[in-house]
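In structure tokens below, several structures.
One chain, subunit A, links the two complexes that follow: it is found with subunit B in the first and with subunit C in the second.
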Partner chain A sequence: MKAHKIFAWLAIAIGAIYFFIPLIGTFEFSLRMRRGAYSFDAYQSVFTDAQFRATFGFSMLMALVTIVVGMLLIVPTAYWVRLRLPQMRPVVEFITLLPLVIPAIVIVFGYLRLYNSSSWIPFTGSTQGTNVLLTFSYVTLALPYMYRSVDTAMRTIDVRTLTEAAEILGAKWPTIMFRCIFPNVMSGVLSGAFITFAIVMGEFTMAALLNRPAFGPYLQLVGANKAYEPSALAVIAFAITWLSMGLIQLVSRFGKLSPSRP
Partner chain B sequence: MSFLVLESIKKSFGQTQVVKDFNMSIEKGEFVSFLGPSGCGKTTVLRMIAGFESPSDGAISINGRNQNALKTNQRNIGMVFQAYALFPNMNVFDNVAFGLKVAGKSKTEIETRVKEMLTLIGLDHLADRYPYQMSGGQQQRVALARALAPKPQVLLLDEPLSALDAKIRVSLREEIREIQRRLGITTVFVTHDQEEALSISDRVVVMNAGRADQIGTPSEIYNRPTTRFVASFVGTLNIIEATVVDPAANTVKVGENTIRLRESIGALKGGDKLSIALRPEAGSLLENAKGDTSLTGQVISSHFLGSVIRTKLDVGGNQISFDMFNSPDAVLPQPGETLTLRFNAHDFLIIRD
Partner chain C sequence: MTTASTSFIDRRTVIDWLGIVPFMVFALAFLIVPTLYLIVGAFFNPAGEFTFQNIADLFSPSILGAYWISIRVSVASALGGALIGFFLAWAVVLGGVPSWIRSSLLTFSGVASNFAGVPLAFAFLATLGRTGLVTVFMRDWFGFNLYSTGFNLLSFFGLTITYMFFQIPLMVLILTPALDGLKKEWREASEILGASTWQYWRMVVLPILWPSLMGATLLLFANAFGAIATAYALTGSSLNIVPILLYAQIRGDVLHNPNLGYALALGMIVITGISNILYIWLRTRAERWQK
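Up next, the complex of A and B:
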């Protein structure tokens, strides 16, 4: 075996050890709730906890709403930029990257300052209003990933010609958008949706500072007060992320097999 | 009154004027090709007819109705694109049915019309296929069926054959022309391929730098080009620099040869320079060849090209190429040999810039 191949395998082994050992340790620890024997007691304790079900359900609902709002915002924007405003592309890319460089805590304090109960738009004045604000903040956080996945999918089709082909056949904007463009960027939309789902399920800062009963703050609460359940929750959170990533892969493969361009 | 009228059309993008005072009248059922090099404005004119671009000035009317204020989706025009532009998420049936569904036709009407269109293009057995499962030629035929399904008043073809290989290109262009004749649909075809334009059009518009240099039948365009650009762009042409000898007698000199032209050159005076053109296939080397005029010169080169032999002759500093059909007895002229090329004086074209 050549030297560079040995180094490549060594690098992979070190990376794998660095990643898997803590994970295996966490999983092993989560099984030791019953003294002297391995068991899934910690998982049972987590799943039977009413607060777990409430926070998990809440975050899941928020994730779904975030995905819908995000897609309704991003797909037409990416489409419009590609079709009519290509010169605005760098500006839009810069804006969509901002949530990666501005910490979530700064964004949420900005929201609280702008939308507090004594402001012109008092989102935090009611529970529903705060939920709406939390959805918007999740959309902001998911923006870099969602925009890129949709934009990449749009790059694989000839948006301009398809639009013109539909237009000359008599189609109006909603028809063009939902029958000709949306189905052809579905793989990108779904990839963005799964990334958004994973982000929302584990997000702590926004939910905690807006005081909403989400899964992220629950993870923190359990971590501060219990011994084995936090490890079980960490493994569950990992499983959700992996499931989302697996689904992205599946969707990407499906996208590759689906109708292509000339 | 003409069916499709383009009146003093101008189009500018910023400071650049890409279409300059374009005028054209197309009759109902006519097949007209816009021919020209890249950037001559032919596609821009087509896009203005479609409504994708608005003219900076001028009017477009179809069947007497001004189209300028109408959006693309209100014009009832069919268009076939260079890149096929079939909807990748729809099968052949749904692609062809798209325009009919948008128009709100009933399910029965849609089914009947789609079947009719697929039979017309000979792909009725591929109704369930997706675009990615078809060849380029098949995709373009589906695109044609899709464009024709809603019964448009005008069909626009934007270089529909340029993405296809040579054999398919020839068969499909004949198929397009056959379908166009059968349906009697007014058609505008954009191409940069002169053979395509000349072979299937009723009339050809040769465009140059945003203007129509010449509009005429394929035969007129090829045999009687009116500008140097048309002469050089359509087919191969020898441009010969001649000197006027006697304007009253229409005689000019090329090297040592004196030629009497059929066209009048009375406006010129003796000693003036004049550009005349000759097609490579116009002359013959045979002693008994018909022709009232001849040019004598030295052979520069001669090449065997299969069906023809192409010989380059030097006549008074002008290089003249001419083709003769191959035959088993044909002998290749040798470089340095003196030859006499015979032809008719009316084969000469006077080139006006």
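Up next, the complex of A and C:
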């Protein structure tokens, strides 16, 4: 065997050890709750916890609303920029990358100063308002991922021809948008949706500082107070991330197979 | 007729620009204005007068210390992540390992680079904590007490190796396409010209790859610098990094000066901003070779 091949396998081995040991360790730890024997007691304890169900449900709902709001904002924008305002593309692209530059904690700090109950747009003055603000904060966090996946999907279709064809056939803009553009960029919409789902489910900073009972702050609370449940929750969280990424791969594979793609 | 056509063009231009109004309003309201509010606030005192005092106060020992440890953790995890990530990417692209390893590594990297936050802290506590798998294994089988060596997961070193769990996969994802871009012809050409492997790497590969390598390392740095959830779940507030200090400030004004909090946020934006600007600049340089 050549020297470089040995090095390659060595690198793979080191990587595998680094990645798998924490996962194995977490799983093993989550089984240790009953003294002297492995058991799924920690998982049972998690699943029967009413707070787990409440916060998990809350974050799920938040993720769904975030995806809908985000896509309704981003798909028309990406479409419009491609069709009518190509000169604005760099600007829009730059804005969508800003959430990667400005740390989440800074953004939410700004919200708390700008939209507190004594300001002229008191989002945080009521529970509903805070939920709305939290949704918008998640849309902001997901902006880079959503925009990129939608824009990539839009690159593969001819937006101008599709629009002209629809217009010639007498379609109004809601028809063009929802029956022509959306279905054609569905693979991008879905990949963006799954990554948004993974981000929102584990998000801690925004929810904690806006004081909403989301899954992230619940995880932190359990971590500070219990011994074995955190590991069980980490395994569950890893499974959610894995599921979301797996679905993205699946969607992109179907996207390539679909006959409407040139 | 002329007036009619100009007004038609105007109306069309207006409609064109109206199309991105929702996005712009959203971006202004929930991204740009909140950030600018903090940036401007950093230059005023609570009485509303313009001042550089908040910026000057950042250079007090406790705040400077927080920035210092944040920068150290971010640099260390970025360099460690870059190094291991580079070797992994190299191994699957050029190392001649079976292709299923490449695809599983890339899939896994997609998952692991998104597996951050609170659960990641739990995973490392369960592995390297005082009763974690590795700690117990070393104690029972080798009689080696990890914690007697001064190792502590709730420290600079512990945080660094925890961050590397998402830094390495991110590096793999960024570098694999860059390594794929190395053309076979370049290697063949340099071999024909009599270059050794070392010369090929030093004189061909590195000059082409360094913008990607540097850029990705900077991105990793910014990624670690803004992260808070993992550190908070791991160390509580015992490790005084900037995001945790800012978190405490937002929660309860621990600095006793709201405008100093704005300055703290401004410092974070400046640091992540500079590293991202450098990253974008380096990426445009790197892309010249990836066409």
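Simple rule for what comes next: the second predicted complex is superposed on the first by the 256 of 262 C-alpha atoms of A that agree within 3 Å, B and C clash if a C-alpha of one lies under 4 Å from a C-alpha of the other, contacts with A are read in each partner's own complex, and residues count from 1 in each chain.
In the analysis below, contacts are C-beta pairs under 8 Å (C-beta built on N, C-alpha and C of every residue); 3 or more make two chains touch, one makes a residue touch a chain.
Given the structure is predicted, the values throughout are model-derived calculations rather than measurements.
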Subunit B versus subunit C as contact partner of A:171, first or second or both or neither: first
Subunit B versus subunit C as contact partner of A:189, first or second or both or neither: neither
Partner chain in contact with A:73 - subunit B first, subunit C second, else both or neither: second
Which of subunit B and subunit C A:105 touches, first, second, both or neither: second
First (subunit B), second (subunit C), both or neither touched by A:46: neither
Touching partner for A:29 - first (subunit B), second (subunit C), both, neither: second
Of subunit B and subunit C, the chain that contacts the larger number of subunit A residues: C
Contacts of A:62 with subunit B and subunit C, given as first, second, both or neither: neither
Contacting residues of subunit A [partner subunit C, same complex]: 2, 4-5, 7-9, 11-12, 14-15, 18-19, 21-26, 28-30, 73-74, 76-77, 80-81, 84-85, 88, 92, 95, 97-114, 136-137, 139-140, 143, 195, 198-199, 202-205, 209, 216, 219-220, 223-224, 230-231, 233-234, 237-238, 241-242, 244-245, 248-249
Contact set on subunit C toward subunit A in their complex: 16-17, 19-20, 22-23, 26-27, 29-35, 37-38, 41, 84, 87-88, 90-92, 94-97, 101, 105, 107-108, 110-112, 114-128, 131-134, 164-165, 168-169, 222, 225-229, 232-233, 236, 243, 246-247, 250-251, 261, 265, 268-269, 272-273, 276
Of subunit A, residues touching subunit B in the complex: 157-158, 161-162, 164-172, 175, 179-180, 183-184, 258-262
Touch list for subunit B against partner subunit A, complex: 50-52, 72-79, 81, 83-90, 98-99, 102-103, 130-132, 136, 139, 146-147, 150, 163
